[in-house]
Amino acid sequence: MLTPAITIGFVLVGLATALTLWRLAKGPTMADRILALDTLAIDAIALVVLMGLSRGISFSFEAALLIAMMGFVGTVALCKYLIGRAIIE
Amino acid sequence: MEVLVSVALGVLTATGVYLILRPTTFSVVLGLTLLSYAVNALIFFGSRLNAGAPPLSVAGLSNQTDPLPQALVLTAIVIGFGMTAYLLVVALKAKAESGTDHVDAGETR
Amino acid sequence: MMAHLPFLPVLIPLVTAVVLLIATKADIAVKRSISALSLGLLVTAAAGQVLVSDDGIVRVYRLGDWPAPYGIVLVLDRLAALMVVLTSVLAMPVFLAATSGTDERGLHFHAFLQFQLMGLNGAFLTGDLFNLFVFFEILLLASYGLLVHGGGLQRARAGIAYVVLNLSGSALFLIALGLLYGFLGTLNMADFGVALQAVKPEDQGVVAVMCALLVTVFLLKAAVLPIGFWLPHVYTAATLPVAALFVIMTKVGIYALLRVVTIGLLAAPFTAGLLQPWLTWLALGTIVLGATGMLASTSLGAVVANLVLVSGGTLLLAVAEPGAGSIAAALYYLVQTTLVTAALLLLADVLRRQRGEAEDRLVAGPRLQSTTVAGLFFLFFGVAACGAPPLSGFIGKIMVMQAMEGSAHPALIWTALIVSGFVAALVLARAASVVFWEPGAPDGTDKRDVSLVPASGLMLALGLLTASIIAVSVWAAPVASYARAAAEQMLARDAYVSAVIGDPAAVQRERRP
Amino acid sequence: MAAGLASALVLAPEVFAGTTVLWRVAWLPEWGLDFALRLDGLGLLFTILILGIGVLIVLYAAYYLPKTDDLHRFYISLLGFAGGMLGIVLAENIVLMVVFWEVTSLTSFLLIAYKYQEVEARISARMALAVTGGGGLALLAGVLLLGSVAGSFDFSVIEARAGDVRADPLYPVILILFLLGAFTKSAQFPFHFWLPHAMAAPTPVSAYLHSATMVKAGVFLLARMYPVLAGTDLWFVIVSTVGAITFVYGAYVALLKHDLKGLLAYSTVSHLGLITLLFGLNTPLAAVAAVFHIVNHAIFKASLFMAAGIIDHETGTRDMRRMGGLFYSMPRTAVLAILAAGSMAGVPLLNGFLSKEMFFTAAVAHPGFDGANLILPVVATIGGMFAVAYSVRFVWDVFFGQPPQDMPKTPHEPPGWMRLPVEILVALVLFVGFLPQFSVGPLLTVAAEAVLPGAVPEIKLAIWHGFNLPLAMTVVAFGLGVFQFTRRHKLYALQERYTWRLTSPVAFERFYRGATRVSTSVMALVDSRSLQRNLVLFFSFVLVLGVWAWWTTGRAAGWVSTLTGPLPVGEVDLASAFAFAVLLFGAVSTVVYRRNRVMAVIFMSVTGAVVSLAFLRFHAPDLALTQLSVEVVTIVLLLMCLRYLPETPVAQSTGSRRLRDGVLATAAGVGVSAMAYAMLTRPYETIAGYHMANAKPGGGGTNVVNVILVDFRGYDTLGEIVVLAMAALGLHALLSGTRMQGPPTVALAKADRYPIMLAELMRPLLPLSLAVAVYIFLRGHNLPGGGFIAGLVAAVALMLQYVAGGVDFASERLRLNYVRLLGVGLGIATLTGVASFWFGASFLTSTHGYVYPPVIDKFELASAMAFDLGVFLVVIGTVLLAMTEIAALRRGETTAPAGAPAKDRG
Amino acid sequence: MTLREWLVPQPILTLAIAALWALLAGDVSGGTLLLGLTLGLLIPVFTSQFWPGRPRTFRVGAALRLMFVVVYDIIVANVAVARIVLGNVQGIKSKFVDVPLDTDDPYVATILASIITLTPGTLSIDIDMDKRVAHIHGLDVPDQSLLIDEIKTRYEAPLKEIFGC
Amino acid sequence: MSAEALAAFLIVTGGFFVLLGSIALIRLPDIFTRLHGPTKATTLGVGAIVIASSVAGYAMTGNVSLKELSVSLFLFITAPVSAHLLAKAALKEQSKDR
């Protein structure tokens, strides 16, 4: 029961990722792209967790936590760059 | 799968090398980063693709992945990070001194 | 401590650097004292290594007590000891010269100097190829720090070029190491040779490529013809004491080549002849390039930088045709050329300080203050540098020439060696003529930094180097016989292998996947 | 010098007894270089010459040179030269001879440039060094070859194997190299040109080096090597031809010189040619004549130079057209000079006559020139004629002729001590001239014995040999010479019209500059100083070498099959294909968008994320975590730097360059793909089984990757954190004191600079993130994690405080000196390693065990954890130092006074 | 500063860290809790500088109540958003709305803004503490005042209760 | 409902919301409306999948592990901040374009 669910999950998240990538490529604004990148990070968390479930990869949690933290930091940095070009001042 | 991985490494290498050959410091940094992805992955795949479990020395586990390439890559990643950070700052310094971000920083010839 | 002797040349600078960082706020005098103390210890340890290693036993230091090839080992043999002692001896005058003010022109000079020594000594002592990469990175990053020390556009520009080129080289090094492990499943140098012998014919093509890549990395460091153009620019951009220290950097490339060739490539028939067909030509090309560069040089620093290029090419001749005679000659030549070119660079610093805006460029500058002393130094180092008798340069040259007599192209090699020495003599004579003899600018336009002129540290540094050069000239025989013994030890692969990994057949290997 | 002469004379009896005195100190025996000396007849003769004339020169120079000069430089160089010269003539080891040979070149260089204020002196010195030093190098090659052919560098051994040497196929090469050395040193045509310009040296130097001794080193070499190298046709052809040309040419030019020292210099060239010619004749008689003439020439030419020096010194000029009638103001000097000049011309009863007679005799008696072939006697006569002409001119123009024209000084006799050396030498001229057999006979005999391999012909040193052809030649030469002298003005006019200036110092300098220019253009051509060019070369070199290695080594197994291994190839799943597509998209977009920098950063991070996920997918969680964190920190740094880089990048490279780079990059990519495929499809044998087996029992951890990092290969990790610390230190050193401004931006409201939600939420996030960091740190040894990742997490959490609140806000609260933190971190890691010394173990030997603190369950503590703590601290220090330093670049931007010069010119 | 304030400057935080630790460690054994509490005590000491020094009142009951409300809203409203996103996106009336704030505490305002963002249909753009307004963006806002009212009663009032301001 | 079924449900629902967020990203007309999708739907979706992982872990091993919750916790704390900054960035970009 879990296996088909995971497969469906993979497909759904994979589709989401593809759509997000499309937005990333399309833009039009930089904010759009950063938003897409941020979303990609969250999609990646989903993918990692699903990968953990399907392939028995044991350390998906740590990866997920780290992607969450680091994705956030990346978004903050990119946004601050866009706002005032200075990330730390 | 082996073809896929090899081609991926090749693509990373090619894009990395191409960017390293661009005239701006920024592109060079990007290129070196891409090249380091390729390099790290290449070392990592020294343990081949069809390897087994994570390299944990736990009773009951068998057929674990070769841990050595992973350790090497970790070292390589960290060293690469230090180098990139330093290169970035050298590029900044050259910009501060010369006013341009050309890799040859205003060299006349 | 004797048990840890092989490790001390790495540990001493590391601990010193740590202390210097913790005491980062301390006065420069305190830092100099710490550095000086450490250098004293280092030279002692290095000398101890030479004395100990001269019994011909290959000593192995197992880091973490893990046996090779599984853990990292340091291997102390004659070659390693020679390189370490050379580095340490060179460090003294560089340090002394830097205390004449160079070390105050930026931050962390002494820490970088110590890290540089740690990197160099670590590279010379390690018996592990990946660890060699790590220490290459240490010595490179330290050299980056030292290169840009003092600031300025030229240094920043040279810094970019040097860093990027070396990072590309490091990437190649990693590719080679990745393939090395991927094909041979080991990282230890001795085991590398053993594993090479077991390579099946169908795998030899790719393994040879891996070896070629590895060799290229070292050729980049050694500044060989098509990939050596970086060297003069880097050396001329650095402050002169730093450039003097950098002289040993190309020798790291030569050292690594010698190691990898003698322990690795010579072990298997399909790699033994990998370099011969082309390395001699590259070496000759490098010599020609250096000689041409010398003629084109507009500063004393540039002249010496090109001399370094020439000496690199000369050393490569031995790598191209490795034998006891050629390696011994190369080792003697390496020692003396390192001391001599470093001395010339430090002397250039002395002159630069007295010549105001003319710096070390080959244009008429203000009249020098200490013509006699500086002139004698110039004469002495110049004679040694162009390989004129009776100093070490001449001895080194005749050793290399004799060793090359049996090579494939003796006439060409001899011609290159002789002509490059001739060009060096002409260029140095002209440099002396311009710097010492051409009438200077009137005193009004003289903008020399008077406070820097009586730089006792620099003079002491030059004195030390002079003494070393005299020593290797007068006691050429013991040095040369040590070099010969080192060369023979390098070529005695079996002894090395059994010292490092014991019985090669007993190494646990697992077939994967 | 006098002492040296004395000691030489002490040994002289032995030499006269026919013994060769040998003396040896080992220097570099293995490589053929020993401090081995020999004293034979030839050596003794030269020793006496060198030291004897040397003493006189020193005496002379004491009066000649102004006291204000830095005389010590002169005397040191002169003594150095004398030592070198002695070394040449006394060397048993021929490598040692080369050593001394170059010593004389070098000291000659210094002495010629003695008056370095004059540009001509400087250039002439370099020209002399170039020619004689260069010749010395050729000689070195010849010596090394000869040593290898003869099997020894000892002259005695070589002499004994002379026949083998001459029969060796390398003999012509050796001969030519030796002759190059001899001819350059002895100023033989076409290498003669340096010698006249060496006259820029003070006259004592000219007298000593450039007439009596150094230039004799070349002919000495011919003499020394005569038993080994002479006797062949090749020797005869080359040596006698070159000698003859030099003999005649030098004599002719000497006549044309108006400068006193110029005349003497070319006369020296000519006489050296004569000596060379004699050696070239391959007959014992000629060789003896040569040795004899060496002595005679040294004596009369040294005295002539000294006389010329006196004239120069006392009149202030050396131009013969400006002087005249000096006989009346300085009669004693005049008499001395006239006698010496007579010897030079070959006037009977003077020593020059004797050797010239021997020369004529040898010329006539030579078996190669019988009655039909008169070329040699004719040449000899013509040379003799010019010698007479220029000698007469010298005497006439200086001492007689027209009265002096505006000479700078009023001439008078020099001080007596200054004239004394000349007097002694002229006395010798007469002594030898009158009593040849008594004066030089024995010395000449032992010297000839040393030169001649076989029996020495009986040397008849007599003033009168009766009426014979040589005497006739002398008479003819005198007659024609005097006639020539009277017609000399015609020749001067000719000379004015066809001045051959190719060999002047100006020409040398022009030649040198030309070489410099050519080199500069060559360097400009091959070394554009451009990083891009160097990189192209590097990558091309790697490719060529790699392909070459594959091509040559893979031949045996079939080239293509070397790239494909036997392992079965796995199937591609959908997820992997998708990931591959994303990677492709990311990497290519990074290239495409490289000029829109934020975009490029974004695409690069997408690429990196795929690589991280790939690591995770292939069971490398540590790698994935590390790669991910490193990438984000890198991106933050990149963005921080981007602020200071110009918005519009520099001009794009040309299409052709992009094509070239594209081809190169593609080739590199193909190469890596090929190697990767070759690797992935091959099985391999690894040592890693040991690590798997020993991680837990030996390293105390189950995460083998981590145990490798902190234990098996902890030394690598130590190196790695050293690199990190240095990167931070390096950028600290680079940026400290540097101030930059980015492109002008709109002033931001405080709310935009420190967005309020960020600022407020980051505060609770910090402690929570630190807790996570501790968690990652502690579990690292057994499960993925460890000091490095934990350090990055903590650093990022702290960094967010900087982002949210600004540098001032965060620094105020985080009172840390990051440089010191780096030191502490490295120190802890190092101490952990050193601690094992106390247990008698090597550096970094780990220990581990369980501790049971109260309440807490068993908690495994490995010493490696302390090491990891060092890693942790270094990472934090590195990241924060980098962040704060880059951020601090803008400090002072707002407080800087208006109109302050901007550091940043972008 | 009392000893308690010095030892436990942020009791809530201490507990939060201990809880997080237990969560991460995946067990509630004595050792884990002790280590968690130790960290909970040590980390705030180290980071206390970053806090403007105000251990405030915190009503746990009210907080839990608000949490349930928010979670409920998130789930329910996400369904609503799904309908919008999958429906006719051209017909939505999105607009910017200014919500006046009753609190002058930026921390509380930030939490409110976060809740606004997390609950579907609204998004905090900015907080202006000088003008005491939150700029928000509504995905589909047929009635602006209704939205403001809902935010103030549903989220702001409980927040003020929790933090006692 | 068994734990496995709950996990399956959560995975599919989570996947749906993740996709929903991305559809919003594609379909909605401007940056401000697009911001709504990922910050809420995707965050929620990932939260569901993460919890599913916990539940599935319990279903497979019988051990309760709630540490996955910390990922959701983190996302819920940070998502508003990201949205806030993104909106500010978008505003800035608009003002610059004008």
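Order of writing sets the chain letters: A, B, C, D, E and F. Residues in each chain are counted from 1.
In this section, a residue touches a chain if its C-beta (ideal position, glycine included) is under 8 Å from a C-beta of that chain, and two chains touch if they have at least 3 such contacts.
From a predicted model like this one, the values you see are computed outputs, not experimental measurements.
Among the remaining chains, those touching chain D and also chain F are A, E. Distance between Cα centroids is largest for the pairing of chain E with D.
Chain centre most remote from that of chain F: D (centre = mean of CA atoms). When the C-beta pairs in contact are tallied for E-F and for A-F, the bigger tally goes to A-F. Chain B and chain F, compared by their mean Cα positions, are separated by 31 Å.
Separating the CA-averaged centres of chain D and chain E is a span of 74 Å.
If you average the CA atoms of chain B and of chain D, the two centres end up 39 Å from each other. Averaged Cα coordinates give chain A a centre that lies 60 Å from the centre of chain D.
Contact with two or more other chains is made by residues 529, 531, 535, 539, 567, 601, 619, 621, 642, 672, 675, 679, 684, 686-688, 691, 712-713, 716, 719-720, 723, 726-727, 730, 734, 738, 752, 755, 757-758, 761, 764, 772, 783, 886 of chain D. Shown for chain C are the residues that touch two or more other chains, namely 130, 134, 137, 141, 144, 148, 151, 160-161, 164, 168, 175, 179, 181-182, 512-513. Residue positions of chain A touching 2 or more other chains, listed in rising order: 10, 17, 30, 34, 57-60, 65, 69, 76, 78, 80, 82-84.
Chain C makes touch with chain B in their complex at residues 130, 134, 137, 141, 144, 148, 151-153, 156-157, 159-161, 163-164, 167-168, 170-171, 174-175, 177-179, 181-182, 187, 512-513. In the complex of the two chains, the chain F residues touching chain D come out as 70, 77-78, 80-81, 84-85, 88, 92. Looking at the complex, you find that chain F touches chain A at residues 4-5, 7-9, 11-12, 14-16, 18-19, 21-23, 25-26, 31, 34-35, 37-38, 42-43, 45-46, 49-50, 52-53, 56, 59, 67-68, 70-71, 74-75, 78, 81-82, 85-90, 92-93.
Within the complex formed with chain C, the chain D residues making contact are 26-33, 70, 73, 95, 98-103, 106, 109-110, 113, 116-117, 122-123, 125-126, 129-130, 133-134, 137-138, 140-141, 144, 148, 512, 515-516, 518-520, 522-523, 526-527, 529, 531, 533-535, 537-542, 545-546, 548-550, 552-557, 559, 561-563, 567, 672, 675, 678-679, 682-691, 694, 698, 711-716, 719-720, 722-723, 725-727, 729-730, 732-734, 736-738, 817, 819-820, 822-824, 826-827, 830, 834, 836-837, 840-846. Only residues 752, 755, 757-758, 761, 764-765, 772 of chain D touch chain F when the two sit together in their complex.
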